[in-house]
Every structure is written in C-alpha cells, then in structure tokens.
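Labels run A, B and C following the written order; every chain starts at residue 1.
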Amino acid sequence: MAYTERLDKRKFDELRPMEAKIGVVKNAKGSASFKSGKTWAIAAVYGPREIYPKFLANPTKGILRCHYTMMPFSGSGERIRPGKSRRAQEISMVMEKALLPVVDLTDFPNSVVDVFVELPQTDAGTRCAAISAASMALAHAGIPMKDLVSSIAVGQVDGTVLADLSYGEESYPDVEVSDIPVAMLHNSKQISLLQMDGEISKKDLLKALEMAKGATEKVYELQVKALKEHYSKE
Amino acid sequence: MSSILVQDKSVVVPGEILAEGMDYLPGDNTYRENDKIYSKVLGLGYPAGRVIKVTPLAGPYVPKPGDKIIGKIIDIAFSGWRVNTSTAYSAMMNVKDATSRFIKKEEDLSKIMAIGDHVVVKITNVTSQNLIDLTMKEPGLYKISGGRLITIDSQKVPRVIGKKGSMISQIKEKTGCNITVGQNGVIWLKGSPEGELLAEKAIKLIEQRSHQEGLTDKIEKFLEENKVPLPERKSNGSDLKESEGNEYAEETEEGGQ
Amino acid sequence: MINGNKETIAQLANEGKRLDGRSLTEFRQPIEIETDISWTAEGSAKVRIGETVIMAGVKLSIEKPYNDTPNEGGIMINAELTPLSSEEYESGPPGMKSIELARVTDRGIREAKAIDMKKLCITPGEKAWFVIVDIITINDAGNLFDAAGLAVLTALKAARFPVVDPETGAIDYKQKTKVSLPLSKEPLPITVYKINGKLVVDPTNEEENASEARLTVASDSKGTISAMQKGGEDSLTIDEISEMVDLATEKSAFLREQINKVLKK
C-alpha cells in the first residue's frame, strides 16, 4: 500500500503553514523568527566582532559561526538537558556550511559573525527552519550576501515523494521513509545543505531534489516578503 | 537589451536582480554575474545614471581614515590608550596623538584619560587588517563628560545628519542639546534631561524610519509636538560647522584636554 | 556595549528622574504576557517588559521521590542566559548570573510552598511528579529577575498534566489533560535597585550597571515574603530595606494583576 494521503491532508508538494518575522531580538544586529508548522526557530546575529579564542581568527576574512540550540522544553518527549549535544554541534556545523556560499566577510578580517538559533518548540525540520531564519537574520544585520538561502526538507514515505515532512511522516511505522533536508541558493539553485536519513532510490532522490526547487522557492518568497514588509513605507 | 528592474529607492534583498544587460554598471553594494546586476545587501536600490547602487538599511561600520568616531578607553599601555571603536577592531591612540602637551615619562596616563572614559576621535590610518590609528589633536576632538551616549546603526548616520547637516541642526535647535555624531553610530547628547530624552527619541525615530520619504518633515512635526523648554542660547550662532558630505564637525570648546 | 551613562543616571536619580523619562518606581511599557507559546512544554509563557523578553517552559516527569520526602514530588528551576539575548553572554556552562537568577526564582516559588508537593505524589516512595521549569532569555534589556519570575509563575499557572497510560504508567506527552498544577499561592519577585541612594524598579541594563545595590523580594497576594536576595556591592540600611519591601510588594501585586488579566481571557 502506497502512501496516497498525507497524515495532515496536505498535497505532496505542499508545505506546512509558515510564518516569518524580522527584528525579534532587539539587542542583536539582525534577527528573525521562522515558523514552519509547529517548528519555531528564532535567529539572532551578532558581529562582526572580535573573536575569542584568538587563534580561530582568519587574517583574510571574517568567519561565520552558527550555534543551534533546542530549548529544554522544545522536544516532543522528555525535557532535553541544556548544553551542547553532539547533534546540536553537528547541526551548527552544517548550518555554517549551508550559509557560507552566500556570505561575504572579506571586509572584516580576523573577526567573527555569530548566528545564534534557539528553538522554543519543534516538530521536524528544525535545521531547515534554523537556516531559513538565520539567512533572514544575516540580511537584516546588513551582512554582505550574494543571495538568500532557503531551506526545507523533502523526502519519501513508502515510495511517495513529499515536501516538508512532519514528525509523524518522518517516523511513519513499518514502511521505507527518507528525510532529506535541503538548503538552496535562490539564484543559482545550487544546494548548500544536503543530508539524508533513511533509504531512497536514485530516481526518487532526483525527483525529491526537483521538488525541493519549488518548495524552497515558497520559503524564499516568504523570506523576501518578511524582509520587505519590515521596511514598509508607512 | 538592457533594462533596470529596481524601482527607485525600493527595498531590495541580497541576491535580488537590479538590472539586466551590459549597459549598466554595478555600483556600491552590488555585483555583476554574467549580464545581470544583483544586490549584495538588504537596502534601497536605485540607478545613478548608468550605475546601479544600493544604500544598505543596516550593517557593520567599516573604519575609514578621516572619520570622526566616538570610542571608549579600554586599556592603558606604556605609549598610549587602547580604544574600543564599537567594531570588531579596537584602535590604538598614541600619547603624542592624544595631546600636544608634553607628557613626562613617568606620568600617570590614567589622569589624562581613564579606562571607561569616552572620547571623540578621528581615524588617521586603517591597515588592510583593520588596525586603526587615532588622533585627538584636532579641533572638535575631546574627552566626553556628562550628557548621554546612545548607539544607532552606523548605516543610519547620514540620515541622522541630513543634507548639509539639516536634520541634526533641527534636532539641536529644538532640543537645546549639543550633539556629536560619530560615524561608528555612537552619538553623544548634552543638554537638559528633557532635551536629551527628546533628542534621543528623535534620533531613534530617524533610525527606525530611515527608509521613508519626507523624514525631515516628520521629525520636525515630532519635535514640535513634544516641545521641551529651551535653555537660553548664546547668540553667536557659530556652533554649527559643516564640512563636506556627511561629515559633521562639532564645536571645539572641550578640545585638547 | 557602550556604557558611558553611569554618572548621568546617578545624577538624574538624585532628581527623581531617569534616562528614559520614567519615574523611579515606574515599570517599562509594554508589559506583555503570552501563554502556551510552546506546544512541546506542559506549560509555557513569553513575557515582555519594555525590550526585555523572556520565555519559560514547564516539563513534567514521573520520578522516584527523594528518600527524605517519600510523599512529595519536586520542583527544579533552571535559567539559560542565552548568547542570543545579549552580546554579553557566551555559549557554555552557566555562569554565576544564570545560577543566581535560577536560584532566586526557585526560592520564591519553593519557599512560599506555592505548589503542594504532597499532591504531586502518585505512589509514596515510588512515584511522584517532578516539575522542571526552564527560563530562557530572548532579549536581555534589564531586570531579568522580575521578568523571569513573571514568566515562571505564568508558565506554572498555564501548565496541564500530560495523559498517563493507566496500564503501563508511561507518559503520553502529546496529549494534555485539563488538570493544572496544585498551585495555591502566586509569589512574584520584584527587584528594587539603589542608584545614588534612590530606590528604583525595573531598571534597564545601563541602570543595573549604574546601581550600587539591589534587593529582590518575592511576595504573594497577601504580602507574605517568601524569598529575598541582596545583590550589588554596596550595603543597605534597615530603613532602606523596609522601604524596598513595601515597594516590592506593591509592584508584585501590580504584576500579578497583569497575569490574571491574560489568564482570565
């Protein structure tokens, strides 16, 4: 039996309801909030600023550092102990790699731009929401960027290719499931984040990545709208 | 065929296409890729003749020689002071650049400027690695005392100053404050408590609405609606001195301390 | 952060004035309280006082009671001063500021016996509910103590027990019952700062840095004090403490009203 109707009745390429907002952390140079279904990421950007420890400094350009944190009460089960888990460290690292192709810090040698992301509640797709929020926050901070980065997960449940899997789909019992978080640069359609859990055929993988184009485009439209509306003429 | 895609002074996002074709040139905060010109920042895009430019709506201050900034003394070395410039780079101010007075070898430098003091200084040199040299030995450069310091995004500094200093003059006049605007976004206000508060609110309003048209009128209205009693002004009227562009020079009475 | 207004703040305080034009005993506006901001928490709240924004989330779990209190559940309050919320904070293990914030907030609730710990017991000596509240700063613009106390009390009031499988005893965190925590009192901490000898509430960061001493007083609707914490470098006279307690209980009532306005809706 194939997966013909999604748990929440969405179309196969339909995303969960999204919400984006700019300027949610006043102390930061730039900030943004991005909600996708019940997943919520808040991103704040500080810097360029002096880097500690000093040996991390790069004399040719500033470095970008991401910090991904799930709030202790943001998991759907028991409380998550505060402190950096290996999972959080890995996600922080792939976030950096997802954003680096667009960020230009050549004017700020030896400095660091820090992006902090906190998630008050989660339901799958946390790293994608984190990257989409971070990209908006970096733009809001006035960091030179070649493009915006938009991120969403695609994947497959029992042979059906889908966009933006929910937790219920990610953990669908007894069938083949794959979850593929993707980040895409808007103009070039190049991919700067690609991970996968589960199993998938090459044919379905390419189908899913094709679907990611349209899906990230919807994220992009919302990011642009939020940034522009923040500077309305009123 | 070439065409401009950006409407005059509309908000553009990084990566937005501003113009197509080779008839146009990429200006400030833009870049070309193949036949298209894209924005490199969040800002207001506009064509200036054949050049397409973007004015950033926010962004880090990039130190430039000749800029007047407000900094904070964070350390005292043998030869001078280390100054926080509100950027990723602290600056060094040598004793000989701080005062024209003769400083004896064993003199306590903290008597001249202590850690935590704020200073209005000018950038004399910036290296490729953003090492910054400062001077305080010119008119309009001095150690600050009293009043209040506020910080705005450095990209909004030109709007706070206004064309030929029109915006800042208006705020000074209506609030009775002396105001010094550092290019790094640090601003010093000194007047009555009510005057300083009104000036701070007006400046924050400019920062918030810097992308809007008719800002000078809006601020005039705001200042008019929130009037404060003004102290009696000395009638020499010479405390406003404009230099070129966005630069703005302040009176010199406290210089050379 | 530029912090050059210390002297001006002290001078103004002496005249009964503040940098932002408030009176010495006036809270910032807006004061906003939102509940159920996180579906994954059993109770949650987001609080805004001026530009200070804090979240608090309650998680409930079933644990073995402590040996010395076999008939009681427990509570723990933790605070994270996130580097997202201020350039002053760094990632890593909690510093003294977050430890103090957590402990002062914890004592205000615990010592008032606001939660009936006996009612949290399921099977004496074996199973009881434990309440863990996490305080997360979103934007630190000053007065974290009061904002945290407000967020924690609101989150506790909004919390609902999750469904427990009667057979296995396992918690189904995805389903909530309508049962709230056995909360009998509503203690709220208010921190009174001393700036240039004057008493001030709800300080901004700059005012906190310009203050010489502070006293946090947690009190409930009857004015009973349940916790205190004196901070800062300077000392306080008994007369000052008396005045600070009065001011704190008055402001505590004021903030309690704000919560009840939101929760009654």
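Here is the rule we use: a residue touches a chain if its C-beta (ideal position, glycine included) is under 8 Å from a C-beta of that chain, and two chains touch if they have at least 3 such contacts.
Just so it is clear, the model here is predicted, and its values are computed rather than measured.
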Selected pair, greater C-beta contact count between A-C and B-C: A-C
Chain whose Cα centroid lies at the greatest distance from that of chain A: B
Approximate Å spacing (C-alpha centroids) for the pair chain A, chain B: 35
Computed distance of Cα centres, chain C from chain B, in Å: 39
Mean-CA-position distance for chain C and chain A (Å): 32
For chain A, residues that touch 2 or more chains besides their own: 49
Contact set on chain B toward chain A in their complex: 11, 13-17, 29, 31, 33, 38, 40-43, 56-60, 62, 87-90, 128-130, 153, 155, 211-213
For the chain B and chain C complex, residues of the former touching the latter: 72, 86, 116, 118, 144, 146-151, 186, 193-194, 197
Touching residues (chain side chain C, partner chain B) in the complex: 2-5, 7-8, 12, 15, 17, 19-21
Chain A to chain B touching residues, read off their complex: 29-30, 47-51, 59, 62, 102, 104, 107-112, 139-148, 185-187, 223-224, 227-228, 231, 233-234
Touch list for chain C against partner chain A, complex: 37-41, 44, 51, 53, 55, 57-59, 61, 78, 80, 82-87, 91, 93-94, 132, 134, 136, 138-141, 173-174
